[in-house]
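First chain written, first letter: the chains are A, B and C, and each begins at residue 1.
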Amino acid sequence: MLSQEENELLTRVGPGTPMGEMLRRYWLPALLSSELPEPDGYPLRRLRLLGESLVAFRDSNGRIGVLGEHCPHRGASLFFARNEECGLRCVYHGWKFDAEGNCLDMPNEPSDSAYRAKIKQVSYRTRERNGMIWVYMGSAAEPPALPDLEWNLYPESHGYISKRIQKCNWAQALEGGIDSSHVPFLHGKLETPSTAEDLNAKSYLPNSFYYADRTPQFEILETEYGCHIASRRNAGPDDYYWRINEFLMPFHTLLPPTTLAETPTWGAHAWVPVDDETCVTWSMNWSTKPLSAEEMDFLRNGNMLHAAEKELAPETSAPEGKWSPAGNLENDYLIDYEVQRTKFFTGIPHLWLQDHAIQESMGPIYDRRNEHLGASDAGVIKARQMWLRSARALRDHGTLPPGLLQPQSYRIHPIATVLPRSEPWLEALKDQLFVTGAPL
Amino acid sequence: MLSQEENELLTRVGPGTPMGEMLRRYWLPALLSSELPEPDGYPLRRLRLLGESLVAFRDSNGRIGVLGEHCPHRGASLFFARNEECGLRCVYHGWKFDAEGNCLDMPNEPSDSAYRAKIKQVSYRTRERNGMIWVYMGSAAEPPALPDLEWNLYPESHGYISKRIQKCNWAQALEGGIDSSHVPFLHGKLETPSTAEDLNAKSYLPNSFYYADRTPQFEILETEYGCHIASRRNAGPDDYYWRINEFLMPFHTLLPPTTLAETPTWGAHAWVPVDDETCVTWSMNWSTKPLSAEEMDFLRNGNMLHAAEKELAPETSAPEGKWSPAGNLENDYLIDYEVQRTKFFTGIPHLWLQDHAIQESMGPIYDRRNEHLGASDAGVIKARQMWLRSARALRDHGTLPPGLLQPQSYRIHPIATVLPRSEPWLEALKDQLFVTGAPL
Amino acid sequence: MLSQEENELLTRVGPGTPMGEMLRRYWLPALLSSELPEPDGYPLRRLRLLGESLVAFRDSNGRIGVLGEHCPHRGASLFFARNEECGLRCVYHGWKFDAEGNCLDMPNEPSDSAYRAKIKQVSYRTRERNGMIWVYMGSAAEPPALPDLEWNLYPESHGYISKRIQKCNWAQALEGGIDSSHVPFLHGKLETPSTAEDLNAKSYLPNSFYYADRTPQFEILETEYGCHIASRRNAGPDDYYWRINEFLMPFHTLLPPTTLAETPTWGAHAWVPVDDETCVTWSMNWSTKPLSAEEMDFLRNGNMLHAAEKELAPETSAPEGKWSPAGNLENDYLIDYEVQRTKFFTGIPHLWLQDHAIQESMGPIYDRRNEHLGASDAGVIKARQMWLRSARALRDHGTLPPGLLQPQSYRIHPIATVLPRSEPWLEALKDQLFVTGAPL
């Protein structure tokens, strides 16, 4: 339970809000490289991050520019602008800006005017790495390094990234992502899977350990970058099934695999605020070696963490529309009660849509005065502590939030394994937890 | 005309508002029994009453549960819940609640936890009688008895009940229901009907008395349950045509028949607030004996007070959509000016849609500072007095509102008849007004 | 740049606002005569002006009535009313009002009632002239004369008038209309047109002078009715190309032709506030002699300043829908990037939709604290000065705004021509600027 003041502090992310200022210190995943495929290309991309409307483009040199949407002259949208010769040219009066927001040309003003030098468009720094475009909306002279998240260290050949728009606050969506006790319920079958199934699982459906013990014990351990959320389930008389979920400031999560076979791919999410009532949920699966065409198709077609293209709403040209699920509140998220009765706990199709539906169903901004947390919410409680503490420390003392200056601390694997009951998990797993093989 | 303060007092019905608190003392018609046809059935029903979002279900024993929509754990919607073994089980973490809101199971928490006993979901008491599900949202230890409204005393075989969503405040909708001077206008034909037509009228279209005297004289008489709204029209040199409409606290109305034949069915409405800007208009017709299949089909197919299913908007799965008329503001309520010119006063099809359109056309919450009431609005004035007086008396002195403890006072018939001018209507009609034959 | 206080003052037009009060002193273009084609005709026209909801009708004598939408009795919409015998009769209770708002009949009240004489519906004075219906929403005992705008002095045979709804504040739309430096950009081709093209141009596409000198010099000269906005472009070593745009209080603009041939038609706009976030943009082209059928069809089919009927959204029955462009924010205003790359500066089809899109893209009410005006915005700056000064003078001292008592001062032509550099434009053009031939 949070007080109203804490809930506001947690969920408001616009310019000038304490949480918004904290988030602006970190790099934000913003676009797929494939959304801006070529230099001087079209369409431009509308982008909304932390309550600010932006336009993204790839300039003649292939560099990514992210500018405020509205031209500083008289406010025309730069979404319509011409992408030409290393800059965006507003179609209203031809003012032209480069990726840094410098005004390169002002053709409707006298050519000897000194006015041009005084005009600067809002612009944000960007980095592009392995298929992801990152944006830094903070004001530091030198932004921090990109975090060494493994999914972004391997080239695009090694994994698949997708995104979807959720119509709810980023924090309540992320809380669903680190709350692993929901898995055998929200994502569960009515029949316990066999061990053979577990061995071949190519999804995040719960395995037989989840069904055998639905009351995981949690151990939370704060780290430089966020925290380990270790959950322990009984696995026979002498063993525990351990899952180590990872929360990485400010909005990254890592999911251990559920298969008992050799892990083919790892999983991650980033929960990026669009504004107070909307977020983009990024989903990643990757491997330490290139994926085969078959493996890549498998991910692309709506398996593991991903929505297939056909499961999103393609009919609108707005970016929000394009990435919004076709299953939504209007159609009860495609729930099928016959499936709920006979096969799956929920009846909502697709692993990702189950999470999506339940997170949106709390309302756009859940009022945490009404909640009743239990022992299984230990990870949620820890993440909130870190968020609120970090936002207040930055606001009150200028203290930099966690992980910012330790990008290499993000080199973490989410591990799941069986250990003897006597063995401490951190001791046993510490070598596996640390990502060693990745480039960079 | 009301002051702004009075208008606010009248129209606001959420938790903590004086009118909302008064309405919470009464039983509210909420759902048709047929909307929850079977034990452990699907779909669950979203329900919104007095500004609160709820979920209704029929449990394994056939009992109706009405719970707050959001799970007390972390706010997931119970609309998606599993309806199983005498309770709703949230699909997020498996918490289970019975119809009283008790937490029966918390499978993701330690089994020895005392936490479960501390968790109580918002739940409201229900009664089911002759096809109608009632909800009591008040806090009294012992709710009052259901009101003895005749339409709910006979079994489903004796009548037909339908509903529709109106996008306006409940009070302005109800005011249209007790304002009988509008009938020969809003519902009138351009040609006065013949007496033969009147004798066979199977509708609420105005009869020839309305056309002969469009200026009814009103006599309002307060009762235990609300008031008689008696209207008198000249009917030849020696007689009056009397119609006794009934207003029954807090939102029930009864309509006298307009046919001059032996009355085949009686009519009633209940105007139940969904929230400040939306209400459900319930429409009832019933008889003191079972209806034939033909009579039932007649009501079902859009006659008397009812919208036929095809006249509602069936394309959305949301309950609001399902019960919203296909004729609406977007399409000018299907008005046909050629019909207005040549046949009917209005040109909007369907008796019920005429009322619906005109009540919505005042805006979501009509600002009564702008109105100019006349002598024909005596019933409206009286109802407002009772509402405002009762809400203030409850707020200021804890006084119970009218009718609450006199359920049998609701046993009233709406009567229309011709009497000699010399005969006082109440004296002449008092035996017919009182419902004697109904069960219970 | 405006302060927040000035921006509010400029953009708020509801009853009681200073700008709203100033606008109410002027006659407002409201409807085409053809929208109310016949006495006692249907449909009635919903009309929203300066934040007030109205209904317009043509009575039995052909006179135009404009009444408040909501019946003074209990607020029913008069949009559904019967248009009969010199008045609108509300379909709720039959109250009837004439075009002056007098209550002519109150059939549900006692016939000897004195109540009728006390009831007055909101009504506004109207004038109809050459196909345009004007409304006066001020309170002066005697409204001013209609302004002698040339487009409204000639009969309908001499011109064509169209309208479209814009989802933005009236002032930011008008500012786009007097800002002529945008023309070679927003409306430009990538190839400079030949002089032969210029000579035959039947549109407002920029001519070769615009391309030869994109940095016009502005001279603004205040007049009785508003201001001349004179822009000067180099035209060879000895000449200037002069364009004299006209701003006429409170929301009229005149556009010089861009053709170098003998001008076939003149152009004008009126930017009329619907409410703070919506305006109607009226577009006019006219000639001093009757148009041929071919010329009329040309204008009607989407040329010069006009949207063709098929380019508006015809599917809704609401007036707003009918006049709203089919190209809108949802479909990125039909921008075609291939066209932007290869042919036109913008890629948005239609001259008018280019203006429309760019004006809406600033948001419903542009926050002028964010703008950076240049030398090319001299006309915009002058118009704002006149608006703000006039609204304040009326509010603080009751001073009548400009042009109100000089209707004949509106007899102005928008001129474009080439003059020797040594010749002062006003001296050279003053005879051509003044409209002499028009009737009245």
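Rule of thumb we're sticking to: a contact is a pair of C-beta atoms (placed from the backbone, for glycine too) under 8 Å apart; a residue touches a chain by one contact, two chains touch by 3 or more.
Quick caveat: nothing in here was measured; it's all calculated off a predicted structure.
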item: Superposition of chain A upon chain C: rotation angle, C-alpha, nearest 5 degrees; value: 120
item: Same-residue or different-residue interface between chain A and chain B, half as cut-off; value: different
item: For chain A paired with chain B, centre-to-centre distance based on mean C-alpha positions, whole Å; value: 48
item: Per-residue overlap in chain C, given as positions that touch at least 2 other chains; value: none
item: In the complex, chain A residues that touch chain C; value: 42-43, 70, 72-77, 79-80, 82, 90-94, 106-111, 113, 115, 118-119, 316-318
item: Residues of chain B defined as touching chain C within the complex; value: 172, 175, 179, 181-182, 185-186, 214-217, 329-333, 335, 337, 340-341, 345-348, 354, 357-358, 361-363, 366-367, 370-377, 380
